[in-house]
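Each of the next two complexes has subunit A plus one more chain, namely subunit B in the first and subunit C in the second.
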Partner chain A sequence: MGYSLWPFLAIAGGIAVILGSRRLGESLQKVVLPLSAAVIGVSLWQLACEFKSYELRAPDGSVRLIEVFPTPWQTLVELARMLQDGTLLRYTIASLYRVAVGFGLAAAIGIPVGLVAGWSTRAYRTINPLVQGLRPISPLAWIPVAILWFGVEDASAIFLIFLSSFFPIITGAMTAVHSIPTVFLRSARNFRLGRAELFRYVVFPAALPQIITSLRMALGIAWLVIVAAEMIAVQSGLGYVITDARNGNNYPRVLAAMVCIGLIGIVLDLGVRQLQKLDEVRWGFSKA
Partner chain B sequence: MAQRFGDFPSMKEALIARQIDATFMIAPLAMKLVSDGVPVRIVYLGHRDGSALAVGADSPFKEFKELAGKRIAIPSRFSNQNLLMARMMKKNGMPPGSIELIEMPPPDMPSALASKALDGYIVGEPHPSKAELGGYGRILFFMKDLWPNFISCVLVVRQEVIDGQRPLVQELVDGIAASGKWLEEDKEQGAAHRKAAAVVVGKMFYNQDPALLEYVLTKPLDRVSYTNLTPPRDTFDEIMDLAVETGVLPRHMAFEEYCDPSFAPELEGLPPVRSFPMPTAEELATVGK
Partner chain C sequence: MASAQDSRPKVEVRGLSKVFSRRRDELAALQDVDLEVRAGEFVCLLGPSGCGKSTLLNIVGGFETQSAGEVLVDGEPVAGPHPRRVFVFQEYGIFPWASVWDNIALGLRHLPQDEQRRVIEHYIELVGLRGFERSYPSEISGGMKQRVAVARALAVKPDIVLMDEPLGALDSLTRHTMRAEILRIWQQERMTVLFVTHDVDEALQLADRIVVMSPRPGRIARIVPVEAPHPREIGSREYVRVKTELYGLLGVSRTI
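Let's look at the complex of A and B:
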């Protein structure tokens, strides 16, 4: 059945560019290197498709080529179709909305609780075992529970996203307060700061860089969970597209939605990284 | 070698990737695979009837028409349950879409009904019985009330296997026919065979409560039937018409294109065969109170 030539050429070209990129300027490298990696990835994808397809010989001698896996081109065509009929935009907004609410609630509850639990030993002893015990449970396992509690509406999906991001945030906040250098607290005490002031002017700012790191991680997880969260009978969202297209045998659409989730993930991560550049938190990082 | 799947999509993908050679799946899904160019054929049926429409135990519904505007779960758009709903809406003069149908994995349906996230669901057993036994659901309609001799699951085999290993496929089909015949053999005399099957199958294959399966198989006895499994052209033509009409399938296909009934055995000459070891008396005592 044979393989196409272009993926091999593209892979060779990509590798050549990466190897020869030492002499390129830094700003050019930042564009060329990830692009080369993407070209190699897409080429390997194409080869995997061709590897999986097979010829079916009927008893009458006729031969049919059976394609098993959607190719990059089929996926791109499907992506264009979704862009054109508006589903892509609509479902992206639906998913982002659920992540925003779930993640927002997780941050709104997780940060204060985590700060308190990190500060007070008794609160830590009370909360930490529970948090660490619930943290490793996959959102997939929570689906039946979510349906029982929240039905098959948005609330269930939001609940799952909340769960998945709540535990990393609260753990991050607890650890952040825990690991504040004692010298900060001692000097604060020398200035005779009250409890509230200590929290406001020392503890919170000192913990902030680490909290932001945990927010960044948690947002990544929240977005990761969107497919599982939207497996519950909601009727919109990129995760829903995957389940729906899979049920409907439209595998190019499954891949197209996966590509979208990946691309939006990159954008979200870039966005949170901007937070780390704020003056208030910048001091916490050796390398911005 | 047997392999159990928890959902239809994974099974379908294993079939497409040639990891499995034969499987039971919902009939329109098999037709959809063929229309998408996947080389498989329906060679036999798995059972007849065996689905039910369950609603909340305290719901007021008596007639199909009253489901207008309600939310009913179906296992897949490529299920005969979906087509049946379309058929019933048409029959009752209800416009398409007047019942909100949502796709849901069958195991999630009973709990969704219990939490009132659904007004009802239509799916294969044992899920409707589960709601009944749990006390929060009741059966509004059995399939025999809505579409007698309902076809739900069919035996699908890859074309390569049909072409290359005919005796093997024949053995499989004969086995299904013979064990179906065995199940039905003593139906009128206490249905001990069905009870034994509930115990063995529940433990060996499905990890389901044998009491639930016994309920499914015996109360009433015609909830599911295991004879008359030759793929019938007229019913499949009707399914095809409904599927195209509702947009579930993109085009009409001839019966021969997706079905190969040449393996279906003559039941008369076939001896009933029990395909599993008989359960012990203690095991049997767990069901049939």
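Let's look at the complex of A and C:
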């Protein structure tokens, strides 16, 4: 059976642009290159759909094209429909709310505890084995436990997000304190900083760039986990849309939800990366 | 200050030894070092790496404890770091997360606001950083970073400034300018300086006395006074004579 012509043309065009982009200016490249990659990706998606589709000959002699896989266009139409009827906004807010609360709690507890555990050897010896023992357990393994404890409720999903971001954050904060150069701590001792001043003027600011890196990592994990958690532990949110649409055999909606999850993931990461530009932490990041 | 104290050396190092215990054996970093430094004197500790000069400085600063002997400052034994003896490190101990202004303010937290401002402005002027108050260390050159470190150290009005190869990370031209700057500031502020270096010319240009140290175990080989007043003529006969003497003490050939 036949394939459409446009995906091939688009792929060829995309590759041509990428190969020829050397001559483009820096700022133009930043737009053109990712856009070309997106065009190629969508084209491949279209070809994959056409590869999987087949013609069904009915007993009356009519031929119908069965498309197994939702095409980019169908997905886009479904996305527009979800946007229009408000489900997209409602479920996105539900997911973001859970991530915000779970991630916020993890940061609010993980950063101070991590700083103290990084500073005090006794606290480190107490806390670190527990953290390192719990950290390798996938947050998904906690789903049954969470449901048992909190029921099929927001709290379940929030608990899972908390778990998934808490361990990277606390580990990041501990490591950050451990890697503070001696010369900074000596300066602090030389000028007689008290314990509270030491944390405020030296330990916290010195650890901040690495803490921000671990926050960025933790938010990425949290966003991965929220979808999985919502597929099982609650009945709203973008993860729930996927399970629900599959059960209703609405595959364009499954794909539409996936596209949304990806796009929001990009936005979240961009948001955290803005933190790296603050004057107080810029020194900790190579020019990026 | 009482006249009895004026005759007393600012720093007295007596029978100082430091042994580092390593996994299998022990390393004698310092052995039986005696040294007296007068108030307002500029003393360079000169020697190859491993001669214990930094260890000596760390003990005077209170960052390390000796294995034997004692260090007295104004007749009092040193017990831990103190803002009256401020360190300037080679790797710039200044904080990259704080502006030039806030770095210099570090030791002045307990002063009233307007007093703080006055002191910071004075030292920014002294080290020639006017206009860079709001800059961050990553935005200024290595030499300027070290100026910040010097300003931060002096702002607490220390009696003694301990400099551990402060110019070691700078290129040779910047080093040259910075030496002149350090001399100018020292002549203006008249603090006591203990300055560690392995650069013979640096010691010769800066010091009132040069303490030449020999390695393993670290001990004082000789104390060489440099009588020439500042500014010193680098090519003068006296300069070359002392330089030759120093090279001899360090066991370095004068020809290459």
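Worth a mention:
Please note the rule applied: the second predicted complex is superposed on the first by the 275 of 288 C-alpha atoms of A that agree within 3 Å, B and C clash if a C-alpha of one lies under 4 Å from a C-alpha of the other, contacts with A are read in each partner's own complex, and residues count from 1 in each chain.
Basically, a residue touches a chain if its C-beta (ideal position, glycine included) is under 8 Å from a C-beta of that chain, and two chains touch if they have at least 3 such contacts.
All values reported here derive from a predicted model rather than from experimental measurement.
With both structures placed on the common chain, the touch criterion links A:A80 to neither subunit B nor subunit C. In the overlay built on the shared chain, the residue A:L208 is in contact with subunit C alone; subunit B does not reach it. By the touch criterion stated above, A:A12 is placed in contact with neither subunit B nor subunit C. Using the contact criterion defined above for the overlaid structures, shared-chain residue A:L134 touches neither subunit B nor subunit C, since it reaches no partner.
After overlaying the two complexes on the shared chain, residue contacts for A:R192 are found with subunit C alone; subunit B is out of touch.
Applying the stated contact rule after C-alpha superposition, one finds that A:A108 touches neither subunit B nor subunit C.
On subunit A, the surface touched by subunit B in one complex and the surface touched by subunit C in the other have no residue in common.
Residues of subunit A that touch subunit B in their complex: 52, 54, 56, 58-59, 64, 66-68, 143-144, 147-149, 151-153, 233, 235, 244, 246-249.
Residue ranges of subunit C in contact with subunit A, taken from their complex: 61, 63, 80-83, 85-87, 89, 91-99, 106-107, 109, 136-138, 156.
Considering their complex, residues 8-9, 12, 16-18, 32-33, 36-39, 73, 76-78, 102-104, 108, 111-112, 114-118, 159-160, 163 of subunit B touch subunit A.
Listed in rising order, the residues of subunit A touching subunit C in the complex are 181, 183-184, 186-187, 189-192, 197, 201-202, 205-206, 208, 279-284.
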